[in-house]
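Working notes for the structure below.
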C-alpha cells in the first residue's frame, strides 16, 4: 500500500483555444509545489485529536518537515483548516465563520472520526454528524484518534491533491456559498439521509429488564 | 512571609483515636453504618428529614424540598458537622416517568473527613423549583446552572440562572430529561439550520452590552429595543 | 475631571441582574478574622485617565485558551475589571449517551472526556462501577490500576507543563516534555493497544495484562524521567522571567478555595491539604509511601511548584508499585460480570453463554447508587452512577474538577493584566472535554 507515486496524467489540452500551455503547466508545477510544501495549518483543535495533532507536531513525528510547523491560529494567515476533534452544534457557527475568514487558496482536513462523520459513539443531540455539513472538506482522516502516521498520510494525500490543481481550472478557487435559506451547502434531505439512526445504540434498555 | 504558613489539613477535627482513613473493603450493599450527621440532622430538623438510606456505605438523606437551604446552611455552619465543601449538585430522573425527579447534593466535610448525600424529591406535575445554595457555597454557581440547563430545574436565589452548556436560545428542551430523545427532537438538518441562524457568538448578551460606554449614545429607540431583549446582529 | 457614569434603564428579562443590569455577583475575599467579605473594585492605576471600559472577546478558537473556551473580558486599559466565561463549545452529550450504554461500553467515553487522563478516568469509572456491582478486584489488578493512574497523572502534568510554558512564552520545554509523553505512549500502546484513548479497565478487571518486558520499560522510564524534569526545572523555577510572570497572580486564599469547590493542585497550592488519595483512599493508596505537596499563597507559581512536585511523587509511587506487583489473575473470577477468556468462550458452553449475555445485554448491577471519587491530575474526579437493575445506568454523572475550578476564574483574574489572564487560565489546568462533556 502507500501513496500512489506514479506521474498523474494531467490531460492538458494543447489546442490553440485552450488557456493551458507549456508555460502555465510549468507555472502550475511551481506554484503547487510551493503551496503543497508550505501548507500553514489552522489547527481547529477541540478534543482528543488535538492532542494527537500536538504530538504529530512535536519532535517524534515532526510536522516541520512538511513545512507545517508554523501553526497559524489566525485564519487569515492559514492555508489548511485541520479540524481535530468533535464539533458540537454550539461550535458549528464558529467553525463556519473561521472557514469563511480564511482566504483562498484554502483546504480542509477532517481529522478523526468525529470531524469526519460525527463518530458513531457521538450520535446524539449535541454533536454535528460530520463537519462536511458545515464546511467543504478535502481529506478525511479516520481514527479515534488517528495515529500521527495516519494524520501525516492524510496530509500527504492533501499535498497530492494540491499538486494536481491547475491554474486554468478557475472553479477550484470558487468560494462555496451556502444556500441562503438553509445556510447549508448540502441539501437538507441529504443530510438527514446520511445521518440516519445507526444500529440500536439509541435504545435505552434492550433487555427491557 | 511574616507569619508561619500552616496548611489547612483535612481531617484535623477528628479525634486522634480515630483510625486514619483506609480503602473500603467488602462494602455492604445495605445495612452499613450511617454517617453520624444523619442522626444529628434528624435531631435538629425532625420531620424535614423524610428518610435516611445507606447504600454501599454511603448515607443518603431525603429532605423536605422547601427547607434544603436551611439544612445545608446548618450542615455548613454547625461546628460538629462543618460540611465546608460542596462536591456536586445534580439531578436524577428515572425511567419510570411517574417517579419524582431527585435533586442530589454531594457534600464533604474536610475537617471530619465525611461524605453525605442529600436528596430532595420533585414530583412531576409541579414546578421544578428548589432553593439554591449559592450563598453557602460559591462552587454551586455553575453546578446549579448546569442542572437547570440539563433538567429545567430552577434554583431559587441563584443570581444568574442561565443555560451554561447549551446556547441560550436552544429550543429543543432540556436534554437530560427522559422524554428528550438521544438524538434530539428535530432532524439533523433542522438542528444545523437552527444553530447557524441563531449564531450565538455574533451577539453580545445584555450583560456584556451594559459594559459598553456607547450604550448611552445609542439612539433612544434602539436602546429600548435592546432593552426588550433583542439581540444585535454582526 | 468628571468620571463618566452609566445608568441603564432597561426591562430586565434575565433573572438575577441588579439595577445596572449586571449579575449580582459579589467578589469575596477573606479578612483578618477569616470571614468572607465583599471586595471593592480595584482602584484604577491612573485616575485622571479614566474613561470607557473595553469589552474584548477571547475564543472560542484561540491558541491559549486550552480548548474551546470563550472569555469575555471587561478591560480598564490593560486591567481586567470583569471576566465572563462562556463554555459549552465542546458539550457532546456524554451523560445522556451513557444512559444508553452498558457499563463496559461507557468506558471508552471516560477516555474522551478528560482526554489527557484517559487511563486515570478508566480506573475511576471502573472503581465506581465495581462499587455499584459490589465486587472486589484482585490484588494484581489494584497495583496495575495504580500504575495506570499514576502514569496518567504524569503525562497529564506533562501536557500541562508544556502548554503552560508555551502560554508564558517558553517553547522549548514543550518539545522536551512531549518526547517523554511519547515514551509513555509507547508503553501504553504495548499494554492496551492505544496511545491516547486507552480504555485500560473493564468492570471487574483490566482490558489486558501487561506484556513481558513492560515492567523493565517502566523501570527504565522511572530512572530517566526525573532527569528531564530536572532539566525543565533548571530552565524555569529560578528564571527571572518565569518568576516575574507567575508570582502573585491569581491567588486564592484557603477559605475561598474551599468555598469555590476547587480541588486538586489548585486547592493544594492555596494551602488546603486535601487529596482524595490520602483522605478518602482507594486502591490501597494508604499503603504507598508518598507526599502531597501543599503550597502557600495559591498563586500561579505555587501551582507550578505543586504540579512539578506531584510528578516526582508519581514516580515514587510507580517505583513502589513496580516493587510490589503480585502475580495472579488480573480479572475477577465471576464471568457473569467480566468476559471469560476467549479460549474458554469458544470451547466451554457455560463460558459461551456468559459471553453472549454480556455482549448482548451486559452485566446488571443491583438497584442502588454509588459516588466514587478519585484524585485526577485536575482535582476530585467523581463518577455518580444510579442503577435500576438494568444493564444501562439510569444516570451517569461526571463530577468534573476542571468545571468547578474554572468557575472561579472571574474571581482569580479580577484586577490583573490581560497577559496575566492567559497565565492564570493556563495554571488552572482545564480540559474542555471534561468541563463540557
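The chains carry the letters A, B and C, assigned in the order they are written, with residues numbered from 1 in each.
By definition in this document, contacts are C-beta pairs under 8 Å (C-beta built on N, C-alpha and C of every residue); 3 or more make two chains touch, one makes a residue touch a chain.
A quick note: this is a predicted structure, and the numbers were derived from the prediction, not measured.
S.K.: Between the chains shown, work out who touches whom and classify the graph as line, ring, star, complete or other.
M.R.: Complete.
S.K.: Can you check which chain pair, A-B or A-C, has more C-beta pairs in contact?
M.R.: Looking at A-B and A-C side by side, A-C shows more C-beta contacts.
S.K.: Closest chain to the overall C-alpha centroid, by per-chain C-alpha centroid: which is it?
M.R.: Of the chains present, the most centrally placed is C.
S.K.: Looking at CA centres, what chain is most distant from chain A?
M.R.: Most distant chain from chain A: B.
S.K.: Could you tell me the distance, in whole angstrom, between the mean C-alpha positions of chain B and chain C?
M.R.: The answer is 20 Å.
S.K.: On a C-alpha centroid basis, what's the spacing between chain A and chain B, in Å?
M.R.: Roughly 40 Å, centre to centre.
S.K.: Averaged over CA atoms, how far is the centre of chain A from the centre of chain C? Could you give it in whole Å?
M.R.: 31
S.K.: Counting only residues that touch at least two other chains, what does the list for chain C look like?
M.R.: Residues 60, 88, 91, 93, 96-97, 100, 436 of chain C each touch two or more of the other chains.
S.K.: Mind pulling the chain A residues that touch 2 or more other chains?
M.R.: In chain A, the residues touching two or more other chains are 90, 94, 124-126, 202, 204-205.
S.K.: By residue number and range, which residues of chain B touch two or more other chains?
M.R.: Where chain B meets two or more other chains at a single residue, that happens at 95, 166-167, 175, 180, 182, 201.
S.K.: What part of chain A is in contact with chain C in the complex they form?
M.R.: Going by the criterion above, the answer is residues 44-48, 50-52, 54-55, 58-60, 71, 73, 85-86, 88, 90-91, 94-95, 98, 121-122, 124-127, 144-145, 147, 201-207, 209.
S.K.: For chain A, which residues are in contact with chain B within the complex?
M.R.: 89-90, 92-94, 96-97, 123-126, 128-129, 133-134, 182-184, 188-189, 191-192, 195, 197, 202, 204-205
S.K.: Residues of chain B touching chain C in their complex?
M.R.: Those in contact with chain C are residues 1, 5-11, 20-27, 29, 55-56, 58, 60, 84-88, 90, 92-95, 104, 106, 110, 113, 115, 117, 137-143, 146, 150, 158-167, 175-176, 180, 182, 201, 204, 206-208, 210-216, 223, 226-229.
S.K.: Please output the residues of chain C touching chain A within their complex, sorted ascending.
M.R.: My answer: residues 60-63, 67-68, 88-93, 96-97, 99-101, 108-109, 111-112, 115-116, 159, 174-175, 178-179, 181-182, 185, 195-197, 360-361, 364, 389-392, 432-433, 436.
S.K.: Taking the complex as given, what residues does chain B use to touch chain A?
M.R.: Going by the criterion above, the answer is residues 95, 166-167, 172, 175, 180-185, 187-193, 195-202.
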